[in-house]
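Here come two complexes built around subunit A, the first alongside subunit B, the second alongside subunit C.
Entry: the complex of A and B
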């Protein structure tokens, strides 16, 4: 009886910890199908977490906070997209810079402010099924998605057919930013109810790991998110259940799991062929 | 009124003239051949037409109206369509998805499939709309390209070297479709090629480009292969294979002797199944087949880029440990790979560095003086024309880059020399030069394996021809007895 209760608690908390990852993974999945690998998911989530708490605190409305988070994420995506797919700066360099910038900026801003803690608001969880379905439909059924996939697999072919490769990738990054922002905002106002320094703590990287774990398929990507979310929940629950384990090891568990997933899946899966490669129209 | 008229089209890249005052008239209902050797300016001209390149001067008229395409999409809107050979289909997508790519509006799968089906029937281009492009043969992909292009209803259809990936049967099928397109639908077709026999067989009129200028125009029926060859190159060419002709009299076979210098047994790798072949000292063995039948994979294995799943390679009778990088080279195998820039040279490094890359010595410090001297000797011996040995390799012409690769590979005195598509992209002079060197290598007792998709090159050089189809060796013939028809049958047999 007690065990069942505990299990239920862990599962519920696992679901709540999966949700931020799952929102962001929907975005990152779509972006990677378009061939753009952005490690700035971390920046999108962290920036959104901060701005959602700030705006929700100021307006008193969780909805406005979430919207602010999505906007912040999309803005990050816009910056990334223009740097990487208009100016063709290496996408990893852009991602690293954005991650460092947002971490520094939010740490700086939090130092001067105090956010009151607010009760968590879990209703945005209900948005998740809709977002998953919409992402699937966009990628697999819409013309936009078909063009995204073409751009991710064979940008030259797409270009010759008259598709604007850079534009599609920038659009994919906007979508990714908005959803990663929703994920980060949910983590802050939905789950925790306040903002701490570096509160996403590498969740953006877990999202990328989940997409790879999922072999660039949406369903499996979400399974990956659930695995990481449950690992996180267990980490929080085990001490309370009286199990004593090395706490550092526990904190590292989701990341170790991600590393393991990489080792097992990263090389075997069929990735979009142009993933992470900038597209520049070639001379003859 | 001509469907397409070009007047005085000029394009320069710095001091290099790609096209100089080119005039061209393409009429409705004709197949117009655009002939020229590599680097003559054919592709530049077409890139200008398609809006992939801007012209420095000149006018383009479509049905008498001046036009300028700023992008391929605008070219389509102007009724100019191009069938690309590479890079224009997205492999993981299905046929119907590829065909509708670039349209606008809602996706309607059943309608797209019906449309493709209808076009298949009309043009005699059988293809399954639901098939994934990656699973299709080269010939089938070409059909998809044609359907995709014809669906946009172009008045002018451009094909750039369309037969390089096709078997003879597939080429014949393509030309039959083109005939139908011009006869019954009144479209104009521009066929770009460097193959003389193709131009004489398939076109109504022909325009010859040489070094960016139009040097000859004629009705195809009023000229012949010899005349076209002379116009294309600007002089008489003795080496028929270099201008894409089958030599009238096969050369006397070299004396192949002794045990095989190269012996491949049961070689299996992605794209290759149980390849067996032997090359003896003093002979040139040709490996012929349509592009994409495993030649690239075999080349990768022989470069040491791919470790095969099964099978052995012996050089001079000694098995080579293929897992060790550089093992084949150390065993005495020189290779001129198909894609120079991917596997043979470092374009940004100097000519000298590229020449001596495989001969750096074993000491910690490089003996720069010795390397320089060696580079100078090799450049002189192989006639490498470069502004300076310190210039980056990328500044050299294709022919000279190929000379650098050949010089380096031969400088180690290999027992075996493997060449994959060695004259692709080379002008006729450079191709002649290369062919002559190969004959001399074989004469001096080297074992030469020539991997080529050009039947003329194989028949012109090889003593023995092996045919590769679908990653297997489909047959072997003595060159003196082989005919294009026989080879064509072996090539098609493996694929079908």
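Entry: the complex of A and C
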């Protein structure tokens, strides 16, 4: 009986730790299918967590807080998209700089304090199934998604058929930003109820690991998020249950699993062929 | 050039506006930055201590980037270097100069091997090097955390009833980097000498040797390089290993210089791995240009710690760094043309 209770607690906390990852993973999945290996997803989540708490605190409404988070994420995506797919600066350089910038900016603005303590509100969790379905439909069933995948697989061919490669990639990043923002905002106002310095603490990189672990398929990506969320919940719960297991191994597990997935299933994975490669139209 | 200057000025202006918006004074912040970094001999010493690891990491990043391989795992490689250095320094009983040499060498070797794993994964299964070096960073952080949390690995030994912290014992004095010469107040750590020597060697290696020619050729046009007989796997692997080894050397230098407590701690890299990568980006992958840029970043580090006294949070330095990188990278890019010349 006691064991069942403990199991329930761990599962529930696992689900709550999975949700922020799952929201962001939907966005990252879409951006990667369009050919951007977006490492600024960490910046999107962190910036959104900050602004959602600030706005929710100022207006007293969780809904506006979430909206502000999505806007912040989308703004980060807009900046990333324009620097990487208009100015064609290397997307990893843009991502590194944005991550450093947002971490510096949010730390600067709160200056070591925690702010905006509010009771957590878990209802945004209900948005998750809708978001997942919408992402699946957009990528797999809509014309826009077809063009997006074409841009991720073979930008040159897509360009020749009249698809604007840069535009599609920028749009994908905008969507990615909004969803990563929702994930970060949910983490801040939905789960924790406050913002502290570097509160996402590398969750964006976990999201990237989840998409890789999932072999660029939406369903498996979400499974990856759930595995990583559960591993995190286990790490937090094990000491209380009196089990000593290596917490370092559990923290490193997601990254090791992602690497292992790439090593083992490299030939069977549907990696977008132009992933991470900038597209430059050939001069005639 | 003028465009870069204009963009940098814009970056600084934005930082100043941020200070004003949060109720600070840009003038005072500037004074604090100068006071903490170059105003007197002590401040200069601290700045130079930061410059050494930054330059080493940046020189390494130049090597891999020249081969067309983007290594972004320096943060992890620094940690692995520090870990191997700490293990060698604590476990080997050697006389002074031999010990410090072994510590530095162990750091470089371990991190070189760590980075080379990414090249191996790329060779075996086509795993993207950017992705694997990034993911390996987080694995490295946990490897270090494991080592300093496990009593039979490297965790500090219990003295009486004192609580054991997640850190190693202090390195013996023989394993520490000393100062060069004796100047009143000014410390010139050997680490800086090593770093400058490394940057110059990398510059010579890349521009004056056959191997460097192959590396540059591979970076500029992999297809042409492969067709003209460059062994892509070997050159990629060696470039990545050297880049990792220099980051690992930076980790060992950091561990043995007065900048750290001379104990390995989980956050012992101080985030210098990411900073060193940004230095290389601003220096446009030229190791000699990295020397002044590393000094600038070191000024922001050492001066940044004086900012808090003026009411401006330390993190301003991080914002300035990120904006500066953008200012240096953006003007090279044209609409729809590649940014890399």
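Just so we're on the same page, the second predicted complex is superposed on the first by the 254 of 284 C-alpha atoms of A that agree within 3 Å, B and C clash if a C-alpha of one lies under 4 Å from a C-alpha of the other, contacts with A are read in each partner's own complex, and residues count from 1 in each chain.
Here is the rule we use: a residue touches a chain if its C-beta (ideal position, glycine included) is under 8 Å from a C-beta of that chain, and two chains touch if they have at least 3 such contacts.
Because the structure is a prediction, the values reported are computed rather than measured.
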Exercise for the section: Based on the superposed arrangement, let me know which partner A:209 touches: subunit B (first), subunit C (second), both, or neither? Expected result: second
Practice task
Answer with first, second, both or neither: which of subunit B and subunit C does A:192 touch in the superposed model?
Solution key: neither
Exercise for the section: With the two complexes superposed on chain A, say which partner A:146 touches: subunit B (first), subunit C (second), both, or neither. Expected result: first
Completion exercise
In this superposition, the partner of subunit A with more touched residues, subunit B or subunit C, is C
Exercise for the section: Considering only the touch criterion stated at the top, classify A:131 as touching first (subunit B), second (subunit C), both, or neither. Expected result: neither
Practice task
Considering only touches as defined above, state whether A:256 meets subunit B (first), subunit C (second), both or neither.
Solution key: second
Exercise for the section: Touching subunit B in one complex and subunit C in the other: list those residues of subunit A. Expected result: 281
Exercise for the section: Please name which positions on subunit C make contact with subunit A in the complex. Expected result: 18, 22, 70, 72, 121, 124-128, 130-132, 134-136, 138-139, 141-143, 145-146, 149, 274, 277-278, 281, 313, 315-319, 321-323, 325-326, 329-330, 333-340
Handout entry: Residue ranges of subunit B in contact with subunit A within the complex
Key = 43-44, 47, 52-53, 71-73, 76, 84, 87-93, 97, 100-107
Practice task
Could you please specify the touching residues of subunit A with respect to subunit C in the complex?
Solution key: 37, 39, 83, 86-90, 92-93, 96-98, 100-101, 103-105, 107-109, 111-112, 166, 202, 205, 208-209, 212, 246, 248-249, 251-252, 255-256, 258-259, 262-263, 266-267, 275-276, 278, 280-281
Practice task
In the complex, go through subunit A and note every residue touching subunit B.
Solution key: 141-143, 146-147, 149-150, 153-154, 156-163, 270, 273, 281, 284
